[in-house]
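What follows is a set of structures for review.
You will see chain A twice below: alongside chain B first, and alongside chain C after that.
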Partner chain A sequence: MAKKMVAVTACIAGIAHTYMAAENLKKFAKKEGYDIKVETQGAMGVENRLSSSEIQDADVVIFAVDTTVQDSDRFDGKKILKVGTSEVVKDGKAAIDEAAKLVN
Partner chain B sequence: MQALQKDMILLDQHPATKEEAIRLAGQLLVDSGCAEPEYIESMQARNRDVSVYMGNFIAIPHGTDEGKKYIKKTGISVVQVPMGVDFSGDNEDEKVVTVVFGIAGLNGEHLDILSKIAVFCSDVNNVVKLADAKSADEIIDLLKDID
Partner chain C sequence: MNSNLVDFISEKNIVMDLHAETRDDAIHQLALILEKNGSISNSEDFYKDVLYRESLTTTGIGNNIAIPHGKSKSVINSTMLFAKNSKLLDWNSLDGSKVNVIFLMAVPIESKGDEHLKMLAKLSGKLMDDEFVKSIKEAKTTEDILKIIRD
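Let's turn to the complex of A and B:
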């Protein structure tokens, strides 16, 4: 079965980072054959909020953030990869590869 | 062609569809006297034939060959969409675009600036800067060196 990933993207510096990082995570997760759902914590508030069952089912969590994650206690006990939004915007594949390593 | 003007830039737009994003970019070209209103439909037609999505979060809408007759002078417009708008087709993967460059080009005058924009935007960090710019001046400044 495909590995399941969930991610949160958030940035306070600029609006676009949050959404560009989310797009790259989705694109490269799909390319590498992983299921992913991405919650964005951006200018419009929280969108695509991850449910507790989605978090529970995930093999790994990616925080692509330049700020603190809202309600981060939802992810207690999960394997979490933390990266900056800029890194993910620049190289989405590297973040997905790193996250995949945490699972194996 | 003249350098990018302030009134050719729309900041912080939230088009719901790619058609709306293209219309915004086209309307700037019309309002500035670069093209007739019919040119906007020609831009939509071109995007239906071949997507104007360029990768790296940018799209460069322009008209079809038949649409050239609606161009009055060469011009370029910029529409900033910080939260992104999807330029994919119906059943494709999402193709988020945060910066839309509208082009009306006569006599190949625009090809030079097009290739410079493409080179500038091949570094995604530059696209982020354009997408997060807080003023038209900031965008002009970023694109100044390529004009």
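Let's turn to the complex of A and C:
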């Protein structure tokens, strides 16, 4: 079964990097054969909010954030990869690969 | 396409012949255009707010593209400007590339959840799409850009 990932993206202004990082994670997760759902915490508020069961089922969590994650206690006890949004925009594959390593 | 989108991205938001010498010069010239378009009330204030954002981390996302943006009290309506510059500009880009494709985004400080903001978010996401980026870079005319962005 494909590894399940969930991610949260959030940048300072919440205008651009939040959404670029989200798209790049989805793009490379798909390429590498992982299931992923990405919650964006941007200027439009929280979108695609991850449910507790989605978090529960995930093998690994990616925080692509330049700021604090809202309601981060939802992820207590999970394996979490924390990176900046720019890193994910620059190299989405590296972020997915790093996250995958945490599972193995 | 809804009327919001037509209003959001029209000919006046597209500058195919920007001749800036530096990053700051480009942002300044584009701020003046936004002011002329009636999207911002004060180009100097907006310019400073965009440079402040730029000082936190570069908005040069690689591939010769930059997306300078600012939340600023001088912004009247969320909007964007697309510009192609005649020469490549230093932008401290993530991949070290110089920039000649610029998406300048302007958002009011208290803005949340409006249609224009959604458009900016969607457009940002599209910049991760290799095909989209390729067609933007190959576009020669204002009409080309409008067609690509509106599709």
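One rule holds for everything that comes next: the second predicted complex is superposed on the first by the 102 of 104 C-alpha atoms of A that agree within 3 Å, B and C clash if a C-alpha of one lies under 4 Å from a C-alpha of the other, contacts with A are read in each partner's own complex, and residues count from 1 in each chain.
Quick note on the criterion: a residue touches a chain if its C-beta (ideal position, glycine included) is under 8 Å from a C-beta of that chain, and two chains touch if they have at least 3 such contacts.
Remember, it's a predicted structure, so these values are computed and weren't measured experimentally.
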Superposed partners chain B and chain C on chain A - clash or fit: clash
First, second, both or neither for A:Met20, with chain B first and chain C second: both
Which of chain B and chain C A:Lys30 touches, first, second, both or neither: first
Touching partner for A:Ile12 - first (chain B), second (chain C), both, neither: second
First (chain B), second (chain C), both or neither touched by A:Asp66: second
Partner contacting more residues of chain A (chain B vs chain C): C
Partner chain(s) touched by A:Val89 [first = chain B, second = chain C, both, neither]: both
Contacts of A:Glu39 with chain B and chain C, given as first, second, both or neither: neither
Contacts on chain A seen with chain B and repeated with chain C across the two complexes: 13, 15-17, 19-20, 23, 27, 42-44, 86, 89-90
Residues on chain B engaged by chain A in the complex (per definition of touch): 57, 82-84, 93-94, 96, 98, 124-125, 127-128, 131-132
Complex contact set, residues of chain A against chain C: 12-13, 15-20, 22-24, 27, 40, 42-45, 66, 84, 86, 89-90, 92
Residues on chain C engaged by chain A in the complex (per definition of touch): 53, 56-59, 61-62, 67, 69-71, 94-95, 105, 107, 111-113, 117-118, 120-122, 124-129
Chain B-touching residues of chain A, taken from the complex the two chains share: 13-17, 19-20, 23, 26-27, 30, 42-44, 86, 89-90
